[in-house]
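Below you'll find the structure, written out as structure tokens, and then a few comments.
We call the chains A, B, C and D, going by the order they appear; numbering starts again at 1 in every chain.
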Amino acid sequence: MTGAVSTDDLVAWVRAFRDAVHAHKDELTRLDSEIGDADHGSNMARGLDAVVAELDPAPASPSDLFKTVGMTLVSSVGGASGPLYGTLFLRMGPALGTETEVDAEGLGAALRAGVEGVVARGKAEPGDKTMIDALSPALDAWDAAAAAGPAEAARAAAEAAARGRDATEPLVARKGRASYLGERSAGHLDPGATSATLLLEALRDTLAGAA
Amino acid sequence: MKKFVNDPADVLAEALRGIQAAHPDVRVDAENRVILRAEPTRAGKVALVSGGGSGHEPMHGGFVGLGMLDAAAAGEVFTSPTPDQVLAATQAVDSGAGVLHIVKNYTGDVLNFEMAAELAAAEGVQVESVVVADDVAVTDSTWTAGRRGTGTTVILEKIVGALAEEGADLAAVAELARRVSAAGRSMGVALTSCTVPAAGRPTFELPDDEMEVGVGIHGEPGRSRVKLASAREIAKLMVDPIVHDFGEPVGPAIVLLSGLGGTPLIEQYLLYGEIAPLLAEAGVDVQRVLIGDYITSLDMAGASLTVVKADDDMLRLWDAPVATPGLRWGA
Amino acid sequence: MKKFVNDPADVLAEALRGIQAAHPDVRVDAENRVILRAEPTRAGKVALVSGGGSGHEPMHGGFVGLGMLDAAAAGEVFTSPTPDQVLAATQAVDSGAGVLHIVKNYTGDVLNFEMAAELAAAEGVQVESVVVADDVAVTDSTWTAGRRGTGTTVILEKIVGALAEEGADLAAVAELARRVSAAGRSMGVALTSCTVPAAGRPTFELPDDEMEVGVGIHGEPGRSRVKLASAREIAKLMVDPIVHDFGEPVGPAIVLLSGLGGTPLIEQYLLYGEIAPLLAEAGVDVQRVLIGDYITSLDMAGASLTVVKADDDMLRLWDAPVATPGLRWGA
Amino acid sequence: MTGAVSTDDLVAWVRAFRDAVHAHKDELTRLDSEIGDADHGSNMARGLDAVVAELDPAPASPSDLFKTVGMTLVSSVGGASGPLYGTLFLRMGPALGTETEVDAEGLGAALRAGVEGVVARGKAEPGDKTMIDALSPALDAWDAAAAAGPAEAARAAAEAAARGRDATEPLVARKGRASYLGERSAGHLDPGATSATLLLEALRDTLAGAA
């Protein structure tokens, strides 16, 4: 697939993200135990179960889908990740208008709008040891690879996200609950950067499969 | 995991059922997970809404009632409530005189309450917010999420609740809330970890001879892990940073020593026996004391100390009648 | 041993120091280890004296105050107080109208209070005694020490304290005490052992997947050890033997669900959410509920349920004002 | 020594009992953990420390000594063992009058008075799994051996006490805190029978030493 991503593809992405979160639920909670409060896995799992329950009947367009996902996350997750992941999806929708298909550039622009929303809400900068450390490099990698089509862009973005996630390990957290730990937050992966990587890996796998 | 629990996923819903069964003076909105006074807000009274993750009982639901909160939104264990919950609470208790949101300074709480306040404002409800950030264990800096909100919240809810009960308007209520918030400092120590039911095992492992100093009320590890010390030494580890942080002589104060859930009252008293002389030495003139489990961290063994510098007005409001499941006198 | 403690031998003396520092309305006689109301007994008022081993806080010292006890003698941890202590308490609070001793049915408590009552009588103080023996986990038989006294004690102290406050004479006060005592049944479950400070390690070892049913409040092992069960099943293990033991329809009742010291309130509420429907099904018409740590067993994780069949008189006295460190309303 | 036991001997006995209790404190508490509330060791140790503090200046006669010991135990031990051990000593004194020495028969009679006091207070019978199971056979052994003098009587009594203590192991408790356990109390030594055996062993050792 080099061209368009359909609404169905994106629904499949969201479902794949849900499955990935369930598969990694204990790991996310374990990471959050080390520098947080041991709820990131159950928060995300609860939220994505609620999201999946809203996907039947399937939304008519990507922007409808993202609106539903965002609103459901906001109203079912709570914690820091609820408003932040919720905002990510809520801001993706408007960037897409009412189209039922989207190309690599369009999806990239939507992701960028979403991440900008997260930054506006959470005020985190790259290097603060948050989900932004996975999301932000992923955007740049997406844009650089967009010309090669969405599957390739997603592959590059997922790889960049994973690198960004890994790079959170030595960092001292400056945002979120982990920042209370000061220097003791270094030496652990950020849970939100880990779940954000799952999000981009799920997109990679979905688009690769659809290709 | 040794807990009274059925399915860990149902902890909150089922605990709310118990609260409703035990306390006829509050009403539990099970769908929104909101605890309200059984009686609607008196016309013209400013309403107080708080909330946060569960696992800190009696805070906040236990402080709903005459002279304290009007509603509390109960998030999942250690997870801030969603904007929908806070909005439902806010709309349910607004009598037209406006609503004060009492928020503890955690990213999740701040963001979810913020979104709720925006939504409420869009519905025509006047909302003011106060953010409590009193935990001196956390370095306060523009480069971090700032201090956590802990024990001062309980004292604030009591004092400001009394002012709202007297009929003060939203501006006055919010102003007092900010004054109390600014006047409070807290510090916690954990002897054991807590166990989040959904996680099924302790959030952190503490060897038998170590303790966490400056622990958060969600089992966030503290700022340092040190050798287990005597109550006398621990008292100093709690009092010193608080007094130091005030910087100025404290004078009259209200003090809360709260168990964290797994520490029995006899130990809390013993610890307070060590704290009281240290406070006196440091010039803290303790006017009122609350000891017991008021702000907990599930089953964590440990305690947190809160000192709120109190003027006459605050003391008078502290003494006013309160009738909630968790705090009651004069009514 | 993870406790707020200095020298384990000093636990009681130091906890009493904290009680004194925290509660200006009570007076601690440090030498005799007796907790008294700060104000002397009103002339003509019958005085209520209780006491027992420490480690059950707030019982009994936390129930000294208006509308409840006049004094409490605090024994060492889990060790009944000596006759000297009980005598000192008795003499200090007798206004001439006589003193009721409220004794939990343990050999040590019974013997020490008995000796104290003999000594007090020799000094001209009129003493009546009531022995609480409400623990249905224990087979009641002339061949054993009989049932242990547990949660009914708290409810008795409240109700009978209110009658004494009204000015009833010693005979009437003792008669009501016996009625309340006869009307109460309790049952406890432990998820973990407690640790006696002087012993330094858990009284018993409970594997991670087992619990003690019918445990005593001193960490005496229960009647049976079974697999750890859900809150729903545990509720049944607590309610069934109580209801069965009443034998007759219970009707209106006062219920106490007490944490044992290491179990946080959220779990107590969850458990009560399971207990309430079972009580209703069994014909217990719950009129008043108390949930929290009222009668504890050091840091034991667990809970005890107490049901007291209550007539209108008892309910009225239950609602009367009480102002103690551990229980307070209406004042 | 076949003849008289002096006040000093008896003071030495009480001190030896205190030392034995301290040496076995953890064991007594461990036994009490199994079928009671884990305080018998500290109860007895606290009480005997208080007793020893009262022995200076030394009492003038055995009856003074026993009165002091009994009153001190009553007012410092608490629990079940306080009134019971207290009564044991309080009842021994009056049986001895004001003599400053006592022979085997006299000491036997005093012990019997003491044990009868314990039975009157506690209502335990032999076989109830209490200190009586050590004390009661010790009395009989004492009487049977009294003609051979106090050292020999004490040896026989200590041996009988130890046998009585050991015999508590299979018993189901019918008095005291252990009775709450019902059948589960079987299989454990009774803590009070164990401390009572220490009492008679201390007497044996003291009189053997004085011989």
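FYI, a residue touches a chain if its C-beta (ideal position, glycine included) is under 8 Å from a C-beta of that chain, and two chains touch if they have at least 3 such contacts.
Just so it is clear, the structure is predicted and the values come from calculations on it, not from any experiment.
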Set of chains whose contacts include both chain D and chain A: none
Farthest-lying chain, centroid of Cα atoms versus that of chain C: A
Approximate Å spacing (C-alpha centroids) for the pair chain B, chain D: 55
Chain C and chain D, separation of their C-alpha mean positions in angstrom: 32
Between chain B and chain C, centroid-to-centroid distance (C-alpha), Å: 29
Residue numbers of chain B (touch at least two other chains): 77
For chain A, residues contacting two or more additional chains: none
Chain contact graph, described as a line, ring, star, complete graph or other shape: line
Touching pairs among all chains present in the structure: A-B, B-C, C-D
Residue numbers on chain C that touch chain D, as the complex places them: 9, 53, 75-85, 106-108, 111-112, 114-115, 135, 137-139, 143-145, 148, 196, 198-199, 203-204, 216, 218-221, 223-224
Complex interface listing, chain A residues touching chain B: 29, 33-39, 41-43, 46, 74-84, 121-122, 174-177, 179-182, 184
Chain C contact footprint on chain B (complex, rising order): 2-6, 11, 14-19, 21-23, 54-55, 57-58, 62, 77, 191-192, 208, 211, 228, 230-232, 234, 257, 261-274, 276, 289, 291-293, 296, 298-299, 301, 303, 323, 328-331
